[in-house]
Structures are given as structure tokens and as C-alpha cells.
Amino acid sequence: MVISTTSSDMIRARLTGKRMSLANTLIAAALLLTLLSSIVILITLLADTLAKAIPVFESRGMSFVTSSLAPQAERAGILQGIMGSLALMGFVVVIAFPLGVAAAVYLEEYAPDTRMTRLVNANIRNLAGVPSIVYGILGLFLFVKVINGTFGFAEQISGRNLVAGGLTLAVLVLPIMIITTAEALRAVPQALREASMGVGATKWETIRHHVLPVAMPAILTGSVLTVARAFGETAPLLLAGAALSQYFATDQGAGFFDLIGNQSYTALPLVIYNFARQPDTEFVQLTAASIVVLLVMLLSVNALAIIARDRFERAS
Amino acid sequence: MTSDEKEIDTMTIDHAVREDIDLRELPDRPVLFDVTDLSVYYGDFQAVADVTLGIREHEITALIGPSGCGKSTVLRCFDRMNDLIEGARVEGTITYHGIDLYGADVDPVEVRRRIGMVFQKPNPFPKTIFENVAFGPRIAGWKGNYDDLVEETLTKAALWDEVKDKLSEPALALSGGQQQRLCIARAIATSPDVVLMDEPCSALDPIATLRIEQLMMDLKQDYTIIIVTHNMQQAARVSDRTAFFSVDVTDEGQRTGRLIEFDRTEMIFTNPTQKDTEDYITGRFG
Amino acid sequence: MTSDEKEIDTMTIDHAVREDIDLRELPDRPVLFDVTDLSVYYGDFQAVADVTLGIREHEITALIGPSGCGKSTVLRCFDRMNDLIEGARVEGTITYHGIDLYGADVDPVEVRRRIGMVFQKPNPFPKTIFENVAFGPRIAGWKGNYDDLVEETLTKAALWDEVKDKLSEPALALSGGQQQRLCIARAIATSPDVVLMDEPCSALDPIATLRIEQLMMDLKQDYTIIIVTHNMQQAARVSDRTAFFSVDVTDEGQRTGRLIEFDRTEMIFTNPTQKDTEDYITGRFG
Amino acid sequence: MTMAPIDLRGDVARRTRERRVRWLFTAAAGVSVLISALIILALVEEAWQFLAKIDFAQFFENGWFPRRGRFQLLALVVHSLIVTSVAMAVAIPFGLGSAIYLSEYASPRLRRLLKPTLEVLAGVPSVVLGFFALQFITPNVVRGFFPGASSANFLAAGIGVGILIIPLVAAVSEDAMRAVPRSIREASYGLGAKRWHTALRVVLPAALSGVMAALILGVSRAIGETMVVALAAGLNGTMSFNPLDGGLTMTGAMANLAVGSDQVAGDVAAFQSLFFVGLVLFVITLALNVASERVVRRFRQRY
Amino acid sequence: GGGGSGTTGSGAAETSGGSGSISISGSSTVEPISARVAQAFDAANGTATTVEGPGTGDGFAKFCAGETDISDASRSIKDSEAEDCTAAGVEYVELHIATDGITVMTNPSNEAVSCLTFGDLYALTGPESEGFGTWSAADGLAAEVGGTGGFPDADLYVVGPGEESGTYDTYVELVIEALAEERGAETASRADYEASTNDNVIVQGVEQNPTSLAWVGFAFYEENRDKVRAIAIDDGESGCVDPTNDTIASFEYPLSRPLFIYVNTSDLSGQTQDFVDYYLSDEGIAFVSEAGYVQLPAAELEETRAAWEAAKG
Amino acid sequence: MVDQRSHFHSELAALEQTLLDVADRCERMVGLAVEALTTGDTDLCEEVFVADKAIDATYLDTHNRWLSMMARQQPMGGDLRLMSALLHVNVTLERMGDQCVNIANLARLSAGLPARDRIIEQIREMADLVRPMIRTAAEALVRRDADEARLLPAMDEPIDRINRLMYREVVDCAPDTRMLEWATHMMMAARALERIGDQSVDIGEQVAFLVTGEFQEFSEKGFVARASAD
Amino acid sequence: MVDQRSHFHSELAALEQTLLDVADRCERMVGLAVEALTTGDTDLCEEVFVADKAIDATYLDTHNRWLSMMARQQPMGGDLRLMSALLHVNVTLERMGDQCVNIANLARLSAGLPARDRIIEQIREMADLVRPMIRTAAEALVRRDADEARLLPAMDEPIDRINRLMYREVVDCAPDTRMLEWATHMMMAARALERIGDQSVDIGEQVAFLVTGEFQEFSEKGFVARASAD
């Protein structure tokens, strides 16, 4: 018998004398370093930007957030950018959210597993990977050229309006929204559906009473992250018509049709982009300050969504 | 109803010779499901072939057999749950109260309201205990006193005493065994006349398992129960009749489930007619 | 070796009066693990209290008991797998060949090389069959003929015939039962002297389960085996000695596992000394 | 039998409602197909006209100066590849390293702290990183090592893009690694493996398909990234292989065409080249996305 | 509606229009002027004016499509653009409102270069200069095209606005076009210069590179006088002229260019009329210098006002 | 402590109850058979035969129930010991019934033959001793009382003694061949009663095993062996 | 078809083998005991007592093994029937051993008493008839041969007949009281042999049950009942 012939001392010798593994420690340290540097980058970015922005906050407080665009650095504010961005997000939410959820529900819950469905699914995943600037082209083509051209509004309507931008961004986030939602739906255990169908619920009753409520927290946090991403998008709006402007007056009396019509709009990332190319060096600080505002808005929304998701995941 | 008079137990024909054996006879209850030449396909793959058997009212019928022999597949035919599976196709007939379950004008949703199902893993809705029980009747548009209904149902499911003070707590806070009893309560809340159970105890510990088995035996007063189980001992313990399935492997390696023997449970476990059954229950099978 | 001479089986003290009973005696093998007053905590929660038992060489020792009684917790103490769990803390002593397993200078990695582990769900690495078996020796820096090693190990695990022609196919292509045997092969490839198994059959169908049980009985020629199982029948079938654990619930609802009885398996299942054990095995426990 | 004859035909209103609901959802899913069709339509028509106008040989010579009728597509592709390579050189070690650390080394508490921070990094808009690349990375990092680098250069842009995709690579690979069941890790530890053995020889190979997919997605994202390169890589249309030079990438060229004074009414071919480059980009990223999907599907492990 | 249209009144003119909108698009160069004027005008009148600066060409495209009321331009309308306007029935008036100077500049430390002729510029930045890596490499070409040459043997680092900008167009038109046509070369700058959409990046490039050569709008130079040094330009007639307000206003500085606004007169609303009135008023025109450009001499301003009065009819 | 297998346990209790009933019937059968034997009332024999048929039927049914429960319920521990004991008890009771039939048959054979009062008295005495044994065995089972079961060997003692000494009475009958024939029948009947006593002890042994988990013969079983020890 | 429970099945086979060995020993014990009885060689009695001790030990051990296997292996179907049959066989063989002890005891009691050749012959004949029955029963078990088992009642017939008629021989001894005492001993021995025959039939019944799954008594068991049918 192997064991009884091995003396206890030999076994002790093998088991003990802990070998500190250098390789182990080194690898762990190196890996932690990579992770920390990613975070250091984020902090550097924030610090660098903040440093440049401080003069603005010192001299103007938050008033530049509440003022409108102006050609003069000392007067210029980003209110219109923020409002524009929020309005765009409104479009995104109103259009992409219901459409995305509905499409995902179809694909996850209804669609038979046919070639066609697989194709549609592949198509959506691919759309999610299409560079945003290509969506800009779509926006340019569709909302600026086709809608105007086709429907003959060219006379009254500049294509470069909020609707065009909003639709472009909505279309941009739609595939991501569908994927997020589909993932959330997939995470709902099949057992729950079977349970519901098993007591005689129809498909729609099952979805409405069980699947959607269970998936909703995940759908919502996913959507918030998606919308936040759209908030920071710049490139498609360059093509799809947000104003790169030093000044435009927002017409207080403008109605919905004015929005569709000639009302100009801009978005916060574009304001930043535009500030940065102004000759006045004070605009550089203003750019930094605007970036700080953008980051604070985005990162806090992101952080909230991420924390919410984390909570939700841990709860379930 | 003619199906009652019909001789359904084809597997017992060659038992006729030993009809004299004085086993405790089961009362001769009417046949509820009459399954004739049932075959189920998943796409091109024939999962189950030519199953013929009769499920009698107020009995517990167990389906046993090696993994992949099609127990779940057959079970899910009884409430048309297979409809939910892409590409699943059913041949042969299953009548229920004499009505062809797969008839053109039968609405599967309606079928499932009358035939409850309990699954392998306890799967309560992530709602309150109360709402779990009330859901089925609610969507069926039942008008009545829900408080009474829930109490009655939970009592039947041997759960009332344990949960009566926390009906509005989330069902997921219950233990596994309690959850499974809740699922049984949920299944019987719509007053089905059949409860199907697919390995209802395989996720439970032995104590919870015994409770569920007890419950099943209590429930057969009111319901007809069909249970799929991997656990021969369980089938032996709880069921009145047992259907033993096995797998035929063709030369091309296609594995098709077949009903080998269907008989009173004690016959299956003490003295099966088929060698395959004997080999399976004594562990000589591989 | 002193531990061999020591009386370890504290639970059998009050059996002394029936020492005359002519049960088939087990050979009196030396004690390999000597567990004394073992308590395990997860953070503040005491999962297991004051376990004292002795595991003998070349026996199969089964740990049984209701869910949550700490079977897995105790098992994982034997190869210090609990070290991997945040906040797990062990009190009392476990000696292995007389060496304190939790001694300051004991390297858990080395411990695990000598004490193999097989888990509930078959968990082969997503590599080839060959590489699964070769992994342990490889990382231990073993130099030798790997072909021979793999053949020998797989043969011991009763898998060689089934896989010899597909050693370089992915292990995940095997059936569940084959995967579990592969996991056993992997565990014994490093020539441990102990194999720990935590509910190794709970994910398998009855046929695969029986094969694994057979294998365990074959393996005890070469290894000492400790198995945790939910399945009393399984413990009854395969083990030489059985430790029955139960849960004490304090007034504050804290649930702590305790060793109730440790004895030869047939004693536990035919004639346990403790009422709790009797109640558990006869299903009178709740 | 005492039961009344039973009716299994079900409720007509209920079935009608089901049909309607289903139809609604189907229509919604149809929109995604419509979008793809429109994207292709938008790109193809003008791109086709562009192709009809120019000489094929132009793609390989003379730089990319669309307003001068010079369309060296090759330069854009080469520049895109340089930026992407730099980006991946940043993202692979940092992204993968972070992923391995998070999934294999970090304690749950640390992980709960670090992972969201990493994800927050993913929320930084590209326009911000563009300025960061231009105004911080170039002067402080690139010029620090290579004082002769152009004020707009591929290196800085690549680093910026790399930073942008670190969270993506990290998140997707970490997901893949965490999808490797705990039981497989335990198996490894159970055999006496050390942590790095387990991480690098068991978990990483097991998650390889997911990790590969993450990297391909990263490449796709890097190629498609616009604002960072538009801001930090400059406008030079002359082909250069030197990462310290600046120049137009495919996306940079498109952005530049988009913001120019002659965006709409300029040289017709120049305007149409925008669509053409868009199409090329679309096809490349499509291919990459399909590839990533294939990789995942082909090598997905069923544990 | 008509309102007071004082061309010289103090304070922004009041119009009766109340809310309404004027849309201005076009040159990004002119945008800072129009933006300031619009800002003041809106503030006084409660109107909503939009000023965008996508570029001169883009501005004309919209203008001639009737989408805008006023188009800013850093060059005169091209024939093709004029045809579009005509085709769409858009009539307009061109108003010269300010002057800009394209400033050629280098790093303050690059003392070897202080004045360049058009020939020198052609040799350093023209189409034929492609590939010149040092200043002195352009010596030969400079000699050919009548430049002074004699450049230092230092790295040549050319930075400038991208081809999409009006500033680039103007530079090519003023400095390169004539010589290029004469020599049968392409009417464009060398391709291998470092281009940027962001003029601040150009300034930054010059600042960071001791032997750089760049051109930007005068306003950018003015903002960055401490970081860069302007190079005097010699068009061959006037001798070396430094860019200053005066030399630019008088077009003495060879790289001076007029800045215009084009006003749609076929669809002239009262508001637009009032806006232009205000633009050309003393108060309005003062924004030119605030925006960093050079005001017109009085005489020329009067010419512009006259042209406007005439157009109003 | 909730019984998680109440159905099984009630089934088990029912099985036990059946056997207790059988024991009761056996006891009464002993009375009937001995009555028939000692009074020559052969009508009573018929009753015994009928009762035995019933016991045989119950025996078979119980055996099948036992098998079925074994297969279906896989008892362990005390339940298993009870099952095993019940199987023994079932056989033993059936054999008791058979012994009663033997006595009844002997009664028929003996009818009309000259009898001898002393022997009849002894037979009666044996019957009076044996019937309480059956009752005691059944009670011990019901009460799970090993001590009560352990009384049985002592109760069996006098029966054995009477049985052992009876051959002397038989020999005394020798001169009258018909009476001798009758006497040998009586000896066989005594032997049957003695067996029933032994069988009661067997049941007692099963009870002791059931309760203690240890199986021990209460005493040497060979009736002659005990005789030699006497 | 691979046996997935070979350990259990070899354990089961071993159990069966033990009982077959016991049957073998019983058969030899019958020979020894009858030899002792008919030759008066009381030394042989000792051998019988020793053999019975061994059988008793085996009986207890087998019972415990049986219980342990029942608890541990939960046999079903044929295995369960075999287990149940083996439990019966175990008891039956132990009782056979006891009967041999009885005979041996009778041999000791009878030593020195006057004997009668006819009775001795009859006893020998019975022994010669009974020993093949034990062998047949064991063989039927080994071969799972119900037909062979069904031969046993017929083999039992002549034994019963001899037993039944023996009382006449006993009566013939009446005049000589010592011989009569001897004869009654012989009658008891004959009764013991007859019981061994019956027990062999019992084993045969268990074999038939094992093979067919149906339990049927081969015939009425009461020895006197059969007598009346005669």
C-alpha cells in the first residue's frame, strides 16, 4: 500500500514549507495595474479637464450652464446645447424605446426560429456594430434629403432640424435597445413562461404579467445606458444637421411645426466641438467647462444606472 | 362515455394469464386520457413512437425510464405544452374526456386551464404568494372571493398553515419545498381536473421530496395526476400505475422512446412482464 | 502512527454494549483523517459545530443529512477548498497522516494535489479528453509518459474503452455520466490518496448513477473516498461508514449543522442508535 | 362521468386580441430590417454614382483630397489600420488584463467597486476623448516620448480610441470569463492548481471564443470610431505609415466631408465620396461583426 | 411692417415684428460678426435669429434654395451659385461689411524668416512644393517663380486650415492660383501640409514647432499674438507688409479679403430689413472689430449702406 | 417532527393490523380445534377449515402486500425491521393455522375412538396455556414490548413439559389398541399445540428483534433438545 | 446489457451461495442424525450439535446481511423476490437444522433402549427419501427451475405415508414399555424427518415464487389434513 509505506515525515515534507509563488504575485500585480491604469486614465481625463475648466467656474459659477450660446466667451453658455440634447433624448426615448422593446418582444417571444428570424437577429446585431457616422449618412440621406425632397417641404423646411437629429439618434440606438431588451427578456427564465402558460395564460398575458415586469428593471437600466450613449454622440449629428453655431436665438413661441421646420437646435457635444474651434482662448476653458458638465451629466446617469443594475442583479 | 368502457390497457393483455393473482386490485376507474399510437417528432427526429395507454381518473400514473426516453415529451402532450416548442409535432391521438386534444378547434390555452402543470424546478412567479395562486383564476376571468379561493387552494396544497401569515410576502422567499407546493397550489387554483408533474422533486432535498409525495397522494382524491420521474423509488412510492419507457436505438443511431410496459405499479416493481423493465429496475440495464 | 491506535469513533462508544452483534465486521483499517471538534464559520455564521470523526483508509465514508446541515462544508475542509470562500473559517483540527491540515506551514495547493475532488455537476475543462486527464500532472510538473498515464487513469475510471478512440475530442462532447467519470479520472491522475466527492451523481440519470457507484466501489481498492450525498439510498449502497448530520436551530433561528451519528453503514440504516437518525431514514423527520 | 360536456374551443375575443398584439410586435421588428435597407440604399446609390465618376486607379495614388478630385482610398484604409492597431495595442493588454483581474483575482467587494468604475469609463463620449487625445495625450504623452510627432497624429488618436474601447473589451471578455462556470475553476483548484494556472490555463482558454469576439468587436469599434480621430488625427490625406504623422482615416475623412463649407454643394464627387467611404466602412465593420458572431457561435462552449 | 430704420441711430432699432425669425447661414469666418449683431438685435427686439457657420459654400446653397434670409460669405458668390439663385428666383444684394486678412505666420523663434513674397509662398506651400521637407528645399522653386528664396536649412512644417474652409479657398485664390495657372499646376496647395478644421490646432502647431509655417484668419492671429509671429507679405508691388488693422482695411496687405453678407431681397421681410439696417448702423458695424476683423473705412462703409438702401428700394 | 411518509406508515400500520387480526383468529381457531378434539364435535372442524382458508388467503395477500411495499417504499431502519418481522410473523401465523387444521383433522380421525380423560385434560391444559401465548405475542408486537415478548419462553415451558410427558400416558393406553390409536392422535395434537407455542415464541423473538434491533433466539428450538435439558 | 450493480449482484449471489451451503450441510446433518439414531452411535450426535451451532450462526449472520442489503440496496423486481425467498429459505434451513438436533437428541435418549428393526428400516427409508428432497430444493433454487421445484410435493408423499403408518408399529411395541418408549422416540424422529420434507417443499414453493412471481402453496400443509385425504 503506497500510503502506509510513505512515512508521515515524507508527507509532511511535501505538504509543508509553503512555497511563495513569485509568478503568482507578479501576475496578480500586473493585472491589477492594468485595471488601475484604466481608472487612472479616467481620473486623469477628469482632472485635466477640470483643471482647464476651473477659471470658468471661478469667474462665472454655473451661470454658463444657464446662458445661451454667444459669440463672446465671457457671455457664452451651453443652455441651448443641453436643452437640444435633452430634446433629442426625448425623441430617442419616445421612438426607440417602445419600438425597441416591441421588436425585442417579437424576436424573443413570438418569432418562430426560422432562417428569416435568424437573419433579422443577425441584421440587428450588425446594425448595432455599424459606425455611428454611417448613421449620420443615413440621417443626412433620409431626413435631410428624402423627407424634404420627397414630400416637397423643401420650401419651408430645412432638413437640419430637431426631428431629423432625433430620428437619426433614435435609429442609431434602436438596435442596441433591441439587443439590450432581448437580453433582458432572455434572462427571464423559460420556467416562468411555462408556469404562466401552464395555468392557461395566453402568450400576451404571459408577456404582460410576467415576462415584461420581470425584465423591466434590466430593460430600463439597459435603456438608460443606451440613451446616455446617444447623449454623447457627435458624429451623426454633424451630418444630420445640428447647428454648429455661435449664436442662435431659441424662438420661445415656436411650436411643434417650427421644430420640424426651421427651428435651429444644437446638442451639447456639438457645442463643445464648436467652442473648441473658436479663436478666443477663453473658449478653450469654456470647452473644458462644458466637457465637465457633459461628463458630470453622463457619468452620473451612467453610474446611477450601473448601480441600479448591480442592485437588481444582486437581488435576483 | 364510450372511452370508459373501452379496454385501454393494451399492455395488460398478456397479463391475462395471471389475472388470478390476488394483488390488491385498483378500483376500475374511468379512463380520462386515451392515448393511441402517439408519436412525437422534433423536426425530423422521432422522439417517441407509438405510445398507447390510458390514464384513469383519480389515479397517479408515473412515467419512468432512462434519460431521453421521452417521458417529458409524452407528458407535455397532455396539455399541449409541446406546442410551445419549435418544430415539435404530434401524431396519433390523445383524447381527453373523449375529445381529441389535438383537434382543429381545440384552443391549447383552454386545455391548459383544465390541465395544470408543475415543473421540475419550482418556478413561482416573482410576485406575492397570494398573487401566485390567484393568477390563473384572474386571467381566466374568475369572479369570486379570492381570499377564500387562496385559502382553500393553499390548504389543499398543505401549505396554508405555513404561509397564512405571509400571503403578501414574495413567493421567492419560501424554501424550495414550499415553493414547489406553492406551484402545485397555483396549478390547482384554476380547478383543473388533471395535474401533470415533470420531475417535481428533482430539485428538492429528500425531506421536501417526501412532503410532495405525501401531497400527491392526498391530491389524488380530487385530481388525476401524471408524474414523470427519474426516480424509480419515487414512482414506486407514489403511483398507482406506472408506464415504463425505454429507448430504441436504430442502426443510424437514432434514439426513439417506446413504451415498454404499462401496468399497476406493484406489478412493474415486483414482477414486470418485460425483461427490459426487469433489467431496468434491478439495475442490469445499460 | 499514533492516530491509528487512537480510538476515533466517538459515536460508537455507546454501541459497546452491543459489540457482540455479529454484523459483518469491517477490517480495522488505519485512520487517515482524524477530525476533532471541527467547527466551520462563514463570517459570523456557524455552519457546522464540533464534528469529531475518523476517516479510515480504503473505505468509502458517506456524509448524509438534510439540506444545509453542512455536509459540503465539512467535505471541503478535507482539501482546504473552503480557503477559496470569502470569510470561511475553520476551528478544531483535522489531521491527515497525523499532520495538521490547517497547520501554518501547510500549503493548500499541495494538499489539493494529494486529495482529489469530484463535484456535483460534471465539470470537465473545455479541453480534449486527454488534456483533462493530463492537466493535474502537468501543472504539478510531472515528467513521464503522458500517454501511459492517461490510459492507466482512464482505465481505472472505467472509461478507457469508451473513449480510447477519441482522446483528442472535446470532453464536453461526452455524456453526463462519461463526463463525471472523466472528472474522477482527472482527480485520480495526480495519484492522490483521497478522493472527495460532493454529490457526484445528483446531475446524473439513474443508470449513470449506478455506474459511478460501481466505480467508487472499485476505486476504494486504491483510494480513500469520502462522498457527500443527499441520497440516503446511495449512501446506503456504496459506503462502508456513514456520518449522519443534522441541523440544530437556535432560538434566534441560527441553523448549525451537527454530527448526530457516525457508524458502519448497515448500522445506520438498519439500526441507528440515535432517534434523529432513525427518524430521518424512515421519513419521520421534518 | 358526472361532468358536463366540456368545451375546449376557447374564447374568440381572446384569440383575436392575441393576433393583433402579435401583429404589432412583428411590425416593430420589421423596422430594423427597414433601417438596414435604408442604410444600404442611402449608401449604395450615391456610392455607385461616385464609382461611375472616378477612375479605379485613383484609389491607390495621390492621397485623399476629395475636393481636388484625388481619392486615394488606400491611404484612408492604411490610416484606419494604423489607428486601429495602436488602439488594440492599448486595449488588448489593458482590457484583457482588467478582465482577468476582475474575473479571477478581485474579491467580490473589490470587484463591485472596480467594475462599475470601468463601465463609467465606457460612458465618456468620444468627442471628449478626442479633445483629451489632442490636448493631453499628444503634448504630454506622445510628444513626451517622440518630440517630433505631429500635433495631430495617429498615435495619440489610436491611444484615445484604445482608451475608448478598453471598457468594451474588458466588459465583453470579463463576461465571457465569468460565464465559465465556477465549477470549472473549483475543478482546477481541486487539482492543486495555483491561481494564475487557473486563470491563464483554464479560464482564459475556456473563454477564448468570447474573448476573441470581444477583440473583434473592439477592432470593429475602433475602425468605426469617428470623433477621436477627427479631432486628434488631423486632416492629412497623404498616405503615411508613420504613427507619429497625422492623417485622415475613413471616419475622419467622412467627418471632414461633413463639416466642410462645401459639404452639400461642393465638388459633386467629393460629396459622393462621403457615401462611398461610408459604404466601405459599413462593409468592413459588417464583416468584422459577422466574424465575431461566427467565432462566438463556432466555439461557444456548452458547459 | 416698417419700423424705424435709422442707419445711424443709437441703440438697437426697435421693430414692430415682435417674435419672428431671421435665419443666417454661411461663412464660419463671418459668423462671429453676424452672431454678435444678431445677439444684440434679438435682445432689443425679441426676435429669434439664427446664425450658423457651416461655410460659405454651404451657406449659398441654402440661400439660393430660399432657406435663409441672409448668407454670410468670406468670398464673392461664384457664378454657379449665382445661377442657382437665379434659377430659384432668389434675388439678392451683396454687402461688403468687413475685411479679413489671412495671416501667414511662424513660430516666434524662427527669426530667419520675416517676410515672404507670393513666389516664396508658392514655393513653400504651392502644389509643386509637395515633398519639400525643409525650407531650403524650396529655394530652387522660389527662384523659378520669382521668389526671394534663401530659406534656412530647417524643417519645414506647414500647417493650415483644411480644404473645406473658405480661408483655404481664399489663400489658394490669392496666393497660388495665378502662379499655378501660369505653370499649369493644380490650383491647390501642396497636399502634404498638416491640415486642421480647428484653427486653434493650427496655432498650437505653430507654437509647438519652431520652424513651422502656417496661415490662418487674422482673428486667430490676433488672439495668439503672444504665441506666434506674423510674417510680412510682399505681393511684388507693395513690398513687405505686416498684417495690421490698417493695412488690411486698406487692402494694402496683399492677403486681405472682403467679407460679405448677401441679403435675399426677393422675399424681404420687415424684420430682415430692420436687421440689416441695424447691421449697417454704427452700432452694428462696430461688432466687426469686436469679432476680431477689420472695419471698413468710412467711405466704403457708406458705399455698402448705399448699396443696401438701393436694394431695399 | 412531522411524518413525511404518513401514507407509507399508515400502509405499514394496516399491514401490521392485518397480522394482529390473523393472530386473533388463530387464537380462536386453537380453541375451536381443541374443542372439536376433546368433545368429538366434528362440526367445529368445518369451522376450523373455513377459518384456515381465510388465513391462507390473507397470508398470500399479505405476502404480496409486503413485496409491493418493499418494492415501493424501500423502508429503512425501524420500518425495515418491522417489515422483516412482519414477514416472519405472516409465515408463522399461517403455520399456526395449519397446525389448527391438523388438530381438527385429528379430531375427525379420533371421533368415536375410546378416549382417556387424563389425556384430554392434558390437551385442554395445553390449549389453555397456548392461547394466552398467542395473545401475549400479539400484544408484545402491538406494544413494541420486548420484555413482554421475553416472557414467552417461560410460558412455553409447561406446554413442553406436558407434551414431553404425554408419551407416558400414551404408553398407558397400549393395551387397548383403539385407545392407543386415539392416544397417538392425541400425541400428535399435543405436538401441534406445542408447535403453536413455539411459533408464539418465534413471534416474540421477532418482536424483540424489532424493538432492540438485535436478533437472538430466546432458547434452543429443538423440542427434544429442551427435553434433554430437563 | 451491462450490469450496473455488479457489486450488489455479487453480494446477492454470495448470500444465495451461503444458503446453498447451509442446505448442503443440512442434508449431511440429516444423514448424521439418522445414523446416530439408528446405530446408537451418540458420538455422531455431537457432530450434529456442532453443525447446528454453525448453522445457527450462519442463520443470524445471513439475517443481518439480508437486512443490511435490504436497507442498502433496495432491490426491486426479481432481485426483491430473490431476497424475499432467501429470507424464507434462511429460516427454513435453520429449522431443518433444529430438526436434526431433535433427531440427535432422540438418538441420545433412545440409546440403550430396545429397538425394533422394522421401525429402524422405516426411519432409514424416510431419511433416504428426505435427503434427495433437500438436494432437489437447493438445485431448483440454483437453476431457478420451477418445474424441478414442483417435483417436491410428490417426493414428499411416501415420507408422509411412512410417517402416518408408523404409529401402528409403535402400537405394536406397546407390550414392552421400554421398547414403547423407544418407539415413541422414533415416532418423534419420523415426525422430524417428515417436517424436513415439508420444509424442503417450502423451499420449493419459494423457488417457484421466485421464478414465476406468483406465490402458491404446492399443497395443503397440515400433515394430518393430507392424511385425511389419503
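A, B, C, D, E, F and G label the chains in the order they appear, each numbered from 1.
To be clear about the criterion, contacts are C-beta pairs under 8 Å (C-beta built on N, C-alpha and C of every residue); 3 or more make two chains touch, one makes a residue touch a chain.
Computed from a predicted model, the values in this text were never measured in an experiment.
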Which neighbours do chain D and chain F have in common? B, C
Could you compare the number of C-beta pairs in contact for A-C with that for A-E and name the larger? A-E
Taking each chain's centre as the mean of its CA atoms, chain C sits from chain E at a distance in Å of 86
CA centre of chain D versus CA centre of chain E: separation in Å? 39
Mean-CA-position distance for chain G and chain B (Å): 50
Enumerate the residues of chain F that touch no fewer than two other chains. 4-5, 8, 60, 64, 67, 70-71, 74, 76-77, 80-81
Two or more other chains are touched by the chain A residues 202, 244, 276
Touching two or more other chains, which residues of chain D qualify? 14, 194, 230-231, 259
Chains grouped in pairs wherever the two touch, ordered by label: A-B, A-C, A-D, A-E, B-C, B-D, B-F, B-G, C-D, C-F, C-G, D-E, F-G
Going by the contact rule set out above, which residues of chain F touch chain C in the complex? 1-5, 8-9, 74-81, 213-214
Flag every residue of chain A that touches chain E in the complex, lowest number first. 70-72, 154-155, 158, 243-254, 262-264, 276-281, 284
Would you tell me which residues of chain D are touching chain A in their complex? 14, 17-18, 21-22, 24-29, 31-33, 35-36, 38-39, 41-43, 46, 93-98, 100-102, 105, 112, 114, 116-129, 131-132, 135-136, 163, 166-167, 170, 194-196, 199-200, 217, 220-221, 223-227, 230-231, 251, 254-255, 258-259, 274-275, 278, 281-282, 285-286, 288-290, 293
Of all residues in chain B, which touch chain D in the complex? 1, 4, 30, 96-97, 99, 101, 103, 105-107, 109-111, 114, 193
For the complex, which residues does chain G have touching chain F? 52, 56, 60, 63-64, 66-67, 70-71, 74, 76-77, 80-81, 84, 87-88, 91, 95, 98-99, 101-103, 105-106, 108-109, 167, 170-171, 174-175, 177, 180-181, 184, 187-188, 191-192, 215-217, 220-225, 227-228
